[in-house]
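Below you'll find the structures, each written out as structure tokens.
Shared between the two complexes below is subunit A, which pairs with subunit B and subunit C, respectively.
Take a look at the complex of A and B:
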């Protein structure tokens, strides 16, 4: 109590933030949990139905199809968004020209600032089989045009690559910030020991990026099951069965079909799955060990 | 202690995500209390009183998707115009976008509306939840609404439930979709209006290969669609209705998944393979499809009757000397000579069970179908969208010209009310086709699940990724396995 009084200014500063999360996150979370156990009606009484909503969605094959899609696309995006930014950051760190480095950084970061409505629409145009720039280039080399966004074969790859393209710059900046923070004395010591440029990267830079890599892994893992905007914008009837993710399932049941009870139950299953994935990931990467 | 901290921080992280996910639902839950507080109306579907006397406060709270002013400022004028014409103090909530989500959130959060404008499929969901006031007695007892010249008697069948109850009243005349052809291209290439699938193929091939726009480049397509929206006019050749039908023994079936659909899929595949069907048809939205048609890139689209006039009007405004002529076609008849087009789901006014002014709401619905109501819903607001001179002649203002006679009611049922400025060129002929050949589609609640399967295999068949027969077979197997057909 004495400590609380001593740090009262800090607690006072925290109060608005705590109130914000209490009102906009925790309260809705609890109410949502209640709804997931109810037979939901927009107006009027809502009887409790136990685990019926959970049973309903768990027996629904569409849930499992979309969960499968989420894991496949999410794993692809995870891998791409982990590897590409490291390569890019290490490459940019080797660039001597400051203006080239800054311009490249800006260019790769820009897509992150745009919403998926813009980015998705742009890629739909660029991948168009007749006027899209990708097919135009392919045709220059004598290849037949490919309908990337309506072909089962390419649908998931397109989602993974476009997501990697959009988010690569943001993650790259995290790595660049970490690289800037590395003590130059370590490189000097390595050089004195006769380390080549590659050896400096391999034995100094990369090991010191591990803690940033862990943060990136955690952020990417937390995002896998929340994927929605991209698929909502870029999916179409021809590829929906290959790319519709689990958040699309909750959207379809909750908003399009007005089945709020099952949709909320599906939402809580996603929370549980995210909890499990996060817990396992933290353990695997030993997140708390720095 | 460390483990406790770990667990706490993990719970915090997951909870934050959960909060975001459950955000929408939380609003919905608020409605539980609100619904419970609605007194005698809560949770029941008690019919509204049919007594003629209306002692309610003359006020209405309305939520609409398309009815109202085009801007927030004009929406205020719209509310004042309702009050001027009816004496009812109306508040019209017309969200700028995402109507369905906002409607759901508003009702579930406990807001009490007297009137809602919703689609028929939404009405069916709301009926299932028991949150709408039955209007059967009021409609049959209404001098205005029971008048067949105001709403034709057989049109009510669209809105009746299985047990004959009426829960909604039309907000406007809802048209249908059909193939729309560039009639000027037909003339230019000396082609006849097509009637069979083979004739359609010939015409569409000519549109693709014979440079109908005369720019010397091979840059046109015969036909474009926005996904499978809407190919009913072609499947009509096999006598097949889109979505679901109820068979004579009461079972639900999807005609597009039957063997009879195979020749139509093969025909569409031929168009796709030969570059006659726009290769972007799977990713097109309706806006892109319209742009292609208006920019001389495609000779035929499948779209709404009202757009025949809008296409013609748009091009006429761009160039008064244009030869552009869009014309509606009835599609392809089946072996018995019957055409089959698609009628759009009607938009309706409904009164929620917790409405505070249900009698005033019904009074407004009746008024909406009179000349004054129709004028407000179409032309708009007096002295803002149009003016009336001393002789009673109407003149559109610049704002009225921009709003093109559409404030939620571009067309209406009431045959005693003439359109003051006539209809746009080609619209009447298109509407005649709708009235003659179009029927509503049957859309069960699980349609979204069925649609995914139908789309997948239909696209596979059209794009040649599977032979049509295999695609249809797999489509049917999956629909059966998922209990989506009987």
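Take a look at the complex of A and C:
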């Protein structure tokens, strides 16, 4: 009790934060878990139905379609967002001119700051069939205009490329920060041993970026299942079956159709999948070894 | 890396190819922005023509006046400013308070608090969007700006970031102040807050950007257009309406003017963002 008195102010300072997390993190989690086993109704009792909600969503072909879309688009974004920023960072690092480096860095980072509404809106315009810049350029070369955002063939590629376009600069800057931290004496030593420029990159820079790569892999892996804003903004009726991801499924069933039980069950399946992905990724890249 | 024996013709060729590669990349980054800007400042008619426009055609502010007054974008803009300012201020204050508590030595229950906060970071918020919707509904927060302000009012990431910043302040300072009779609130406000300016700037900028762009909570909790925030108003302006759906024609310059308005505050703070973001990401990721 004496301890509690001595630390009274500290506990009072922490109280609002813990209260906030209790109401907006832990309570929804527990409440959601309960709802996922209930037949949810606005009025009246809510009988427990066992795993009925879970088997409902697991038997729903739409869940598996959206899950498939999530995997395909997610894998594409993951690969692109892994390769592009490293290439960009290494390439920028070879540039001698400091101002060119700085300006390029500034420009490629810019889209990361903007919302998917802004970025999606810009690309919807760029890709529009008759007035969009992309089609204008294609027509200059004699190609027929393509309606990218209502085409089954291109819709997923558009999602992957626009995501790469938006996030490339952000990840690149993480790598550049790591490169700046590399001890110049290592390059000195490599040069004395007769290493060429390429060999310095291959045997000094890249190995020292591995721990940053691990952070990037973790961040991007966890981002796959969370994908929502981009698809919400850029999807449309014509391509929904190709691009709608699993969060869209939860949103549509829970908010638009108000089938709260199944939607919540889907949410918990996503949480389980998140834990599985985290666990597997950590093991595969040996994250805990630094 | 740029020693003299490397300036062979191969090295020079590589440098040229490398710079060309970067220039191509920069072009793909810059063209969409130039296109957007140029269209926003073009006249209604010019913005609808099928041409590559990278510089305003028939310079005009029609797009801006239409979207701002006639389509009343100033309403969602004001809502966005309110949510951003109140939300960011609260977030910074709560995160630094929690960060300060978590650096205290010998505080009973500290480990337990830290674990609770770390636990909130393991569950992706999107996965519990339906239960969160129900909680907000039960609290009567649907269709209020308070729901948006409270969404992410404090986060584990920012708490850790502030804690890691406060840890670099010498602990002896607070101990001697305590001997002189200063309470925790005073030590926190007069010693720690001023010394953690860089940390406060980082959290403020992170939060400002994500608040300004806040989208999913607005989609979930708002369906009254009077309460719309900027992003969701923009979404219906750009994506949901085709150009003839309302009582007048929404030309391309109007849509692009909307985008430019949404970009503006972020462009203003961009120089500061660059300075603090990277450091912040690494500091917030340290959970030890």
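The rule we apply is simple: the second predicted complex is superposed on the first by the 265 of 290 C-alpha atoms of A that agree within 3 Å, B and C clash if a C-alpha of one lies under 4 Å from a C-alpha of the other, contacts with A are read in each partner's own complex, and residues count from 1 in each chain.
The rule is simple: a residue touches a chain if its C-beta (ideal position, glycine included) is under 8 Å from a C-beta of that chain, and two chains touch if they have at least 3 such contacts.
Because the structure is a prediction, the values reported are computed rather than measured.
Annotation for the three-chain superposition on subunit A: subunit B and subunit C clash. Comparing subunit B with subunit C, more residues of subunit A are touched by C. Touch criterion met: A:25 reaches subunit B and subunit C at once.
In the superposition on chain A, contact of A:149 is made with subunit B only, not with subunit C. When the two structures are aligned on the shared chain, A:216 is found in touch with neither subunit B nor subunit C.
Contact with neither subunit B nor subunit C is seen for A:77 once the two complexes are overlaid on the shared chain. In the superposition on chain A, no contact is made by A:57 with either subunit B or subunit C.
Once the two complexes are overlaid on the shared chain, A:158 sits clear of subunit B and of subunit C alike.
In the superposed model, A:130 lies in contact with both subunit B and subunit C.
After overlaying the two complexes on the shared chain, residue contacts for A:172 are found with neither subunit B nor subunit C.
Applying the stated contact rule after C-alpha superposition, one finds that A:187 touches subunit C and leaves subunit B untouched. Note on the chain A alignment: of 127-135, 163-171 or 181-189, the part of subunit C that runs into subunit B is 127-135. In the superposition on chain A, the residues of subunit A contacting both subunit B and subunit C are 21, 24-29, 31-32, 35, 124, 130, 222, 226, 236, 250, 254-255, 260, 263-264, 267-268, 270-271, 274-275, 278. Contacts from subunit C toward subunit A in the complex involve residues 1-3, 6, 11, 14-15, 18-19, 21-22, 25-26, 28-33, 35-36, 39, 48-52, 94, 97-98, 100-101, 104, 107-108, 113, 116-117, 119-120, 122-124, 126-135, 150-151, 153-154, 159, 183-185, 188, 209, 212-213, 215-216, 219-220, 231-232, 234-235, 238-239, 252, 255-256, 259, 262-263, 266, 270, 273-274, 277-278, 281-282, 285.
Against subunit C, the residues of subunit A that register as touching in their complex are 3-4, 7, 9-10, 13-14, 16-18, 20-21, 23-29, 31-32, 35, 88, 91-92, 94-96, 100, 104, 106-111, 113-118, 120-126, 130-131, 133, 136-137, 165, 169, 173-174, 177, 187, 191, 196-197, 200, 215, 222, 225-226, 228-229, 232-234, 236, 247, 250-251, 254-255, 260, 263-264, 267-268, 270-271, 274-275, 278.
For subunit B in complex with subunit A, the residues that touch the partner chain are 2, 6, 10-11, 13-32, 34-36, 38, 42-44, 100-101, 104, 107-108, 122, 125-126, 129-131, 227-228, 279-280, 282-283, 352-354, 445, 448-449, 451-453, 455-456, 458-460, 463, 465, 482. By the touch criterion stated above, subunit A contacts subunit B in their complex at residues 21, 24-29, 31-36, 38, 40-46, 61-62, 124, 128-130, 145, 147, 149-152, 222, 226, 236-238, 240-241, 244, 250, 252, 254-258, 260, 263-264, 267-268, 270-271, 274-275, 278-279, 282, 288.
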